[in-house]
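Going in written order, the chains are labelled A, B, C, D, E, F and G, and every chain counts its residues from 1.
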Amino acid sequence: MGGYFTELFTGAKSLLDGMWVTLKEFPRRPVTLNYPHESVKMYPRFRGHIELIGNQEGKSNCIVCSMCQRACPSGCISLAGVKPEGEKKKVLTKYILDFTTCSLCGSCVESCNFNALRFSNEYNLASTRKEDFIMDLLKRLEEQNQ
Amino acid sequence: MTEPITLQQDETFVLNVGPQHPATHGVLRVKMTMDGEYIYNAETVLGYIHRMHEKMAENRTYPQYMPNMGRLDYLSAMSFNHGYALVVERACNIEVPERAEYIRVITVELNRIASHLVWLGAYVLDLGGFTPLMYCFDDREQILDLLEAVTGSRLTYCYFRFGGLYNDIDDDFITGTRAFITHFRKELKMYAKLVTGNVILMKRLKGHGPVDQNMCQRYGATGPVARGSGINYDVRRNEPYSVYPDFDFEVPVFTEGDSYARYLVRMEEMEQSLRIIEQALDKLPDGPINPKKKPKLIKPPPGDYFAAVETARGNFGIRMVSDGGKNAYRMKLRSPTYSNMHLFDEACRGMLIADALAFMGSLDLVIPEMDR
Amino acid sequence: MTPVPPPALFSADGMVGLIFLVMIGVTLFGGFIAATAERLVRALSGIVICFTGVAGFYYFLNSPFMAMMQILIYVGAICVTISFAIMLAAPEEKIKSSPSNMLSGPFGFMIAALIFGGMTALALTTEWQVNAKTASGSVREIGIHLLTTYSMIFELISIVLLIAIIGSIVIARGGRN
Amino acid sequence: MSLTLFNVVLAVIIAISFVGLNAAYLVWCERKGAGLFQRRPGPMENGPWGLLQPPVDGVKLMTKQLLIPGGVDKAIFMVAPVLAMFPALISFVTIPFSENIVAHPIDVGVLMIFAFAALGGMSLLVAGWGSRNKYSMISSVRAVSQTVAYEIPLMITTITVVMISGSLNLGDIVQTQLGGFWHWNIWPLQKQVGFNLLMPFSFLILFVCSVAETNRAPFDLGEAESELVAGFHTEYSSMGFGLFFMGEYANIVIGACLTVILFLGGWACPVGDLGFFPFTHHVGWFLLKIYLIIFVFIWIRWTFPRTTIYGLLNLSWKYLIPISLFNLLLTAGLLKVF
Amino acid sequence: MALLSIHHYLTTYLVFGAMLFSLGVYGLVTRKTLIGMLIAAELMLAGVSINFMAFNRFLAPDPSVGQIFTLFIMAIAAAEAAIGLSIVVAVYRHYKTVDAEELINLKG
Amino acid sequence: MGTQDVSPSLDTVPSSFVQFAVADKVIDLCRANSLWPLTFGIACCAIEMMCTGAARFDLSRFGAEVFRPSPRQSDLMIVAGTISNKMAPGIKTLYDQMPEPKWVIALGNCAISGGPFVYEGQYGIVEGADKFLPVDVYVPGCPPRPEALIEGIIELEYKITGWRRWPKPKPEWRESGSDKS
Amino acid sequence: MNIQDKTREALSTLFADMPSPEPETDDGEEGEEKPEIRGNGILEQDYHAKGFHLDVQLEPNQLIEAVRIIYDLGYYLESITGVDWIKEEQLEVVYDFSRYDFDLCRTVVRTRIPRTEPHLPTITPIYTGASWHERETHDFFGIVFDGHPHLVPLLLPEDADFHPLLKDFKA
């Protein structure tokens, strides 16, 4: 019989304890970040999709060595370049990123020895079209230059 | 109530729990043959998220395979990264700098806490309490902030490199982690009040879902499931890897073998992880995070290699068979929940469906890791 | 019986009359379903509707107490019990009844019609001595009567219920070893 | 009876709209409250503080396709949601919001609430059965056995109060508790029974039972979503589901009303009759009290995990029924003594 | 419009009770399963109760005797349902059927 | 009541009555602001979906936190994770069980195109939810941040109503990230 | 005597009739001469280089007995997997065992069967948990475990008739 009442009492007490915990949270300010009204700034190491780094003239640093393409696990990078007359280095003419198969591992950025790639801070992409995420990074670089 | 009753097979019906069911945490399917609310037997059907990880190992070079590790067990991606890094380092004989080892331990343990927090929230959600989930996720967000600042991703980290790390940690991370430890100690007390001591929870967990030691041995259960049954087994302690021998921590073991024991093991593990992180931060040496000499191309010599780590769910082992090429010849991923879940079939017989689902939650399932 | 003058439809009395008519309809509909439906669950739903309607009659007969008891006991207890029995004992419902007893349909209808005819004739032909004093239907009155004049019935009820409880437990437990 | 018929109709309409409005906005309160308990703001963007959320949800539910799955018993499937909503509405007729604001004060008000609660219990059964879904079926069996188990302590406790008040009429029960909060039935010291220490426990029992009766967490076994997906309304879409939802909240209001009337003095002002606002103050107190109780309902729901069906039956048979029975005997004895 | 005042007459209730009673009889005769018969029997009891209540309202010198009898009937009905259904369940456990005709053939 | 499709399809046939158009607009607005998702997580992205529902990002502000376990009561299917060949029929069934009007968000790269699991000769997965479901909004990332899912829901509201209620915030680097470029 | 020696001794009863290979083979050598198929017997491996201690290769018909010995010594089953040695027309099945106690000894039992007729006895009567591992190996390599109570696809769809981890598998 003693156990009966002890059980009843400890049970009730544990319930009240729990209720006290939640009650203390009730009047507190929510921790929520009101996303469309305020947004968080991205950490410098945040990995968005990759983008090309432009040099002073707004051109890409890329010399079309294809290291990134080879390092990519899922083959989402395709690039092409031409060697203009009289130049030593190749010039990038096409850099397409299929973001939909990217796994954001960072292999491409790591493998780039010419400081041509970096992660962007695009963290809130959404679209009604799948094609929006097959990105022409050269075009993006041009837009950024403007 | 809890004593097993003899069930008659002629009045049973089949209840499909899953592949889409709120209690299965993903796409697991359990075909339960029920007699009323009692389970006559249960057959687990896997493979609803089989993602060919083992086949992909044969098609990708060793560094390219690293991101797959984060997708195996998305909750404790760091541990899986660690396991894979370990086996390749072992095969290629790569030395890891001291600082990198310490950072690895810190991130792995932070990730373990994050993983246990998801488990705690989701488990209490399984039991019908919604609010702890929110608190857990709130605390977890703080860990994710710390890890995101270092690794750049929130969930599926690809932070480890063979012999080192992707990048170094900074002072913000150290101060942030210390602040988190103080904060989280308080939160653990709060969970103890809100969840652990709750009489409803205790009634639902104590004495339900019995798993004994022999069962663990037969099924190869590891991690909190084994430790909840009185088996003092933790890969970090029994088979020390990385710099774990440098730390003073306890492996929580409970002998009851019921859902509540497993629950307590995980709660205690969070506390121990905090201790490890604290010590690692204190001892954190300076130095490089990547080895000085590292082969340009990872090509392990032929032969087979094995490495095991303790993830949040148990013993994760990788068996790698190399033929000396750029790709692995065969990669076997031994995932902990695969074995842990297997004993569900045997253990749940004669249980009520509510208890069985509470039992299932206490196994802490991550389905992609089981299905691979 | 002294005829009551028929009220206009859109007066308060008329509305009451209308409600009464609707209630008759609902009750008979429920009773009909309960008596004829092939599926037991439907029969059960029918009887729930029917009993709710009968409770309405009691209300019209100046006895709200009995009306509430009707719902409480019949719907809350008996129908629930029946539903449990349906779940326990009739997992699959037979839609098709076996034609072994061809007579039972018309035969049953004949019996029912006979009883109905007889009783209706009796009700219509008898000169009822309507008592001017109508029952107040208050709970207090029922209570007082139940514990004084009809205390025997009260005791009987309790004994019957006790026996029923014990008996049903004994019978139903017998199956499970 | 006939003379007051139009009044009755009017009052019924008012009661129904009160229930409807309450049901809609209690959903909002619940979501908002859940949010605040969980460190988040809850609905915010639709209207100020998300106040437009209930009508938005309502319109959406109404314009959604009503799917009737193949294989269900159509008639039963359609009747069930109505059956869930209707008893709650009817019960409101007899709730006294104040001395004279009551749609239809019948002598057996307490019985009426129980009677229609039983009818509401049937609706879950019928819904679960009609859905032809194993989850729904288990859920309905659970819901009914739960209702049966909790009606007993609920009634015994109520009878205790009825014995003290000497009436089944809800208005009369309130009348005996007028004149200050120390006259409320929740306190052990009562002029009719002297000193009965069990009264506060009776109040707790009644409260627990009304939580269980309304299928609310932690007793929401009927719709235990981690076990039974969505329980008896798994197969219901659109307004069918909406009606169940509304019925649940209407039942909560009834439960709160019953608790307030039986133990917390109903519309009685806690400190004697202040009488500042001759018409509103009683209603105001009553609403204040029921919303307080509803707040506790919400608070409990967002704090505790769910029990199991046997835990719940255990609680009922091992704790609630013995204590309430003992209180009934004790009260009867004390009534005789004083 | 005469229909609107029928609730003032005793005959209405009696006829109506007879209707319910005969519906119950019909159900009892035609139903094959034990549970169905039980439901029909409840219907008959309801018809009888209405008669009692009506007599109580219109005829009885003592205004609560009919109600008390109805109460008695309810208790009996509840007891009957409990016993009947436990028998049904027991029968079902034993023979795996509740079809009355099959039970006759079983001679068990 | 009966089995009827009362919903005007998204590309509504212009009705001749002005009132109807207004009513349609109102209904669309209501639908857009009361998107109840199906509790349905497949893989990694499901955790981020839970995060979105949790306190830090709180989907409930948009009235979209009512995660319904039953497809019958949900409006929105968030395909969060890799769809394996074994799972695809199940997802299709779930989609079919949802009442009209219904929408699909493909959350994460796996649901968009198979993500990192696509390679020559793969045998196990479906390369994108749009292979068998009419996907309305794609949210890329591996996994996407919770903001991206909120953005996806806003995008879906835009698709339903033709009116974007909130401007899209421009991504910014944190201050210490100035050394980034 | 530590557990490693104990296990080796217990297992060496299986190879009583054949000369036990000397454990002096070191890794580098093994790496160079991989194509040569290793004979049956017990190898002691360098844990730090390989990750396991004992490496046992045996005939399929010795399997049950070996597993029984290992079970009695208190090992738990870690995993079962296959390796497709297509050049040698053989399938290798690898059983990993480990221990719960601090006396560390990871034991690997491997056996080779012809690719054309992949049959092995099941070990589910000893280790219940082998059931899923064997089913998985059946899924991936088409190895038939004779006596398995429920050998249907586990990870692959129920009607799958392909074995994806075979080297000659084409989707």
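Points worth noting:
Methods note: a contact is a pair of C-beta atoms (placed from the backbone, for glycine too) under 8 Å apart; a residue touches a chain by one contact, two chains touch by 3 or more.
Given the structure is predicted, the values throughout are model-derived calculations rather than measurements.
Between chain A and chain C, the least number of touch steps comes to 2. In summary, the chains found to touch both chain A and chain G are B, F. When every pair of chains is scored by its C-beta contact pairs, the maximum goes to C-E.
With centres taken as mean Cα positions, chain E sits 72 Å from chain A. Note on chain placement: the centre of chain C and the centre of chain E lie 6 Å apart, centres being C-alpha means. Distance from the chain D centre to the chain E centre is 32 Å, each centre being the mean of its Cα atoms. Between chain C and chain F, the centres computed from C-alpha atoms are 53 Å apart. Counting partners per residue, chain D has 35, 37-41, 44, 225, 229, 302-304 as the residues that reach two or more other chains.
Looking at chain C, one finds that residues 13, 16, 65, 69-70, 77, 84 touch two or more other chains.
In chain B, the positions touching at least two other chains are 21-22, 47, 50, 52, 55, 67-68, 70-71, 131, 134-135, 138, 156, 194-195, 198, 200, 371. Considering their complex, residues 1-7, 26-27, 29-31, 33-34, 39, 54-56, 58, 60-63, 65-66, 68-70, 72-73, 75, 97, 99-101, 165 of chain F touch chain D. Residues 31, 35, 38-46, 50, 53, 55-57, 59-60, 63-69, 78, 225, 229-230, 233-241 of chain D are the ones that touch chain F when the two sit in their complex. Across the complex, chain E meets chain C through its residues 1-11, 13-30, 32-33, 35-36, 38-40, 42-43, 46, 49-50, 53-54, 56-72, 74-83, 85-94, 98-99, 101. Within the complex, the chain C residues that touch chain D are 12-13, 15-16, 39, 41-42, 45, 48, 52, 55, 64-65, 68-72, 75-77, 79-80, 83-84, 87, 138-139.
Within the complex, the chain D residues that touch chain B are 34, 37-40, 134-135, 138, 142, 217-218, 220, 224-227, 229, 302-311, 314.
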